[in-house]
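Here the chain labels run A, B, C and D in written order, and each chain numbers its own residues starting at 1.
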Amino acid sequence: MNKVYKNAKEALAGVESGMTLMLGGFGLCGIPENCIAELMELGLTDLTCISNNAGVDDFGLGLLLQKRQIKKMISSYVGENDEFERQMLSGELEVDLIPQGSLAERCRAGGAGIPAFFTPAGYGTEVAEGKEVRFFNGKAHILEHALEADFAFVKAWKGDRYGNLIYKGTARNFNPVMATAGKITVAEVEELVEPGELDPYFIHTPGVFVQRIFQGSNYEKRIEQRTVRTK
Amino acid sequence: MLNKNQIAQRIAQELKDGWYVNLGIGIPTLVANYVPEGIEVEFQSENGILGMGAFPFDGEEDADMINAGKQTVTLNPGAAIFDSSVSFAMIRGKHIQLTVLGAMEVSENGDIANWKIPGKMVKGMGGAMDLVASADNIIVAMMHTNKRGESKLLKTCSLPITGVKCVNKIVTNLAVLDIENGAFRLLERAPGVSVEEIQNATEGKLIIEGDIPEMKLNME
Amino acid sequence: MNKVYKNAKEALAGVESGMTLMLGGFGLCGIPENCIAELMELGLTDLTCISNNAGVDDFGLGLLLQKRQIKKMISSYVGENDEFERQMLSGELEVDLIPQGSLAERCRAGGAGIPAFFTPAGYGTEVAEGKEVRFFNGKAHILEHALEADFAFVKAWKGDRYGNLIYKGTARNFNPVMATAGKITVAEVEELVEPGELDPYFIHTPGVFVQRIFQGSNYEKRIEQRTVRTK
Amino acid sequence: MLNKNQIAQRIAQELKDGWYVNLGIGIPTLVANYVPEGIEVEFQSENGILGMGAFPFDGEEDADMINAGKQTVTLNPGAAIFDSSVSFAMIRGKHIQLTVLGAMEVSENGDIANWKIPGKMVKGMGGAMDLVASADNIIVAMMHTNKRGESKLLKTCSLPITGVKCVNKIVTNLAVLDIENGAFRLLERAPGVSVEEIQNATEGKLIIEGDIPEMKLNME
């Protein structure tokens, strides 16, 4: 069982224009930088991207937005990106905004064979329009459906050839839930290690969810808000 | 009249020992600077932190350790990191005792609007809709009026709402108010602010009963 | 913030007859031995116990069954226990048998503020009787509701005073999901450690889900099926 | 006629490199002993293991490391441990390529019964209902007839069922059969067993087309 690919180019074989993709990360933290670069390189278009954010103007998914490769974004927060806002307000870009917790849970549901679930988030708002409402214990909930993707791209800290992954700090965020919801899940890792090096008691993403893995390179890891104090 | 730090300071007086607290972006973030002595609270950041600490020292910042506002942060001893689905399990499952967030508008029945200005601004709701739909204890931190001097405490929200009948308390630059039976109840005045000024700045129904005390801030 | 209690006796203050309890463990692996012993000691009755299994005749929840302290069991598998089968077949004990995955997911849902979800498990069987059926992508699913408990008792390997927990090996099983679903969750640990000793990147149960914690004692850790090979 | 080990051995021929496999209690567990050379599969145990290994050496058994049959086991390099909700996320989410389990009855349309004998035996379904409701590839390992000599391959299950139209393949002591359009299709005979014997031991509709080959087992 060897899921290792040489690089992003090989690991993205089969990704096509018009597909639905999931991309892990929160802001620019924990995003699959190598996969995004390769998507740009491939020049694919009409993509539907499920990602909590849309990057910034010149990094992350912002790169694909600039090149008009994205037809539709499914996200919870897309601030920090002027080009995005412009395309959305002008109608060039379809956008489905989803409460962050519902987004995470819908991805988890997709991976876990749960086709739909009830949540209170968004009841009484635009988000609930057209959705079934049901009361539980006197409280209103709306029915939300699972999300799945043709490809899910996640970024991990370390991984092995079985696809087991661990994440560093808050670079975890959406990566583990999206890893479960791709028909094909591609993991890029900072360090590819030998099976057995990762402690089996402390695996964040068990390998069963990952179909392809490669060691990424040239991580930029850009910081959006550098906030520090002085000693 | 309070400045932003004083609003945060007043909200911090509401904290209780042992609480888990989610702070939104903006004024709410400042609340962390004013935790009263003798109590311990843990801050949750919805991108996956429990036990969020101070900003890192210059040079020690880590791109892989940010809060929900995308700011570099540190962890306190006893912190835990988790994924987004677990984070919102905590929020939806009512494991967080207090949520503090900003708002563009609040209505007298407790509706809140803070995610969208149709045709102008659409940054998205982020985690706000999950938070306001689930939390039992929500404090809004905001200016009493907008930049054009118009009240943000309304009969009905004019902007698309984030949640329905969910706000419990509001702390503004002018006052502390509770939402009670479809009205704002005035609890405290900011130092130097009169009941009349508050009344004038409040469009929604305002209940004023008895003497309204001036709020106490332990300013150094 | 200090959630530490001295022992099971103190940590179980407030548990009463007639309450609904969750108990972690799979078979006898990872069961809250100290809490179960204390429940027996307290002599509480009419308990509803949510637990994947019911222990064996003379250990685990079997101890409470022997003393007729349990009114109702909500479980997925209750073999290996003759007294249980006798009480169930005679009608002395109410039993709600639930597919194991639905049991785990219903506990998770209870802790996660998801009041109900659809699952394919049990469709067309006795388990589906009286439950709403809905088709998604042509496949039948049934609606299952969240489970919650007055108290959840879990057993972990190590924990700190904030309630952060890690589990050893397959003693993890139902413990993390049940830890989230107790109005009051009591964790018994083999070793209570100082905050900071547990790596924050590798916490299995974040402390927010745990209200009380104590260091247990005299763990028996009985093995049901000792299977070995010779060198 | 096959013994239990040979049934397991025949099923092991169905394994493909890279598959994740869930083995039920009883005969299915034995399949792990016959993984063909040159292929690698990972065994999932629904109590929370991926990469389950052999039984431990005497003296090295650990009460905190068991499989779904409550047997002490070990982990292979590259194994992962997880909680029950994650385990069934794998199962329900169709991340497991093959499920092998035992049965008391299988019907010609693929229904399976293996969890309850009303009034007599009620051990519970454990993870079986989740497995059969979700898996795309289910092989049943069982004796062709029960202790009273009655067929276990029926027109309709007489016992409460575990799942509907879910079984793909059956390997018994007498034969290998697929479920196809509401009938059992005979694929292979056990060594020394005639088509007639299989026909006599099968109550449900049995399709026999062409020559039915004898199964090949690489017995040492």
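Please note the rule applied: a contact is a pair of C-beta atoms (placed from the backbone, for glycine too) under 8 Å apart; a residue touches a chain by one contact, two chains touch by 3 or more.
Everything quoted here is computed from the prediction, not taken from an experiment.
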Quiz item: If you average the Cα atoms per chain, which one ends up farthest from chain D?
Solution: B
Self-check item: Chain centre separation (chain A, chain B; CA means) in Å
Solution: 28
Practice problem: Just give me the whole-number Å value for how far the CA centre of chain B lies from that of chain C. | Solution: 36
Exercise. Let me have the rounded angstrom distance from the C-alpha centre of chain B over to the C-alpha centre of chain D, please.
Key: 56
Quiz item: Tell me, which residues of chain B touch at least two other chains?
Solution: 81-82, 85, 88, 91-92, 134
Quiz item: What are the residues of chain A that contact at least two other chains?
Solution: 105, 108, 112-114, 119-120, 168-169, 201
Self-check item: Listing of all chain pairs that touch each other, if any do
Solution: A-B, A-C, A-D, B-C, C-D
Quiz item: Which positions of chain A touch chain D when the two form their complex?
Solution: 1, 108, 110-114, 160-162, 164, 180, 194-196, 200-201, 203, 206-209
Exercise. Name, in rising order, each residue of chain A that touches chain C in their complex.
Key: 105, 109, 112-120, 134, 136-137, 139, 141, 145, 166-169, 199, 201-202
Quiz prompt | Residue numbers on chain B that touch chain A, as the complex places them | solution = 45-49, 54-73, 81-85, 87-88, 91-92, 111, 116, 119-130, 133-134, 160-164
Quiz item: So in the complex, which bits of chain B are touching chain C?
Solution: 17-18, 20, 40-42, 44, 50-51, 75, 77-82, 85-86, 88-96, 134
Self-check item: Interfacial residue positions of chain C with respect to chain D in the complex
Solution: 26-30, 52, 75-80, 85, 88-89, 95, 97, 99-105, 107-108, 119-127, 140, 157, 168-177, 204, 221-231
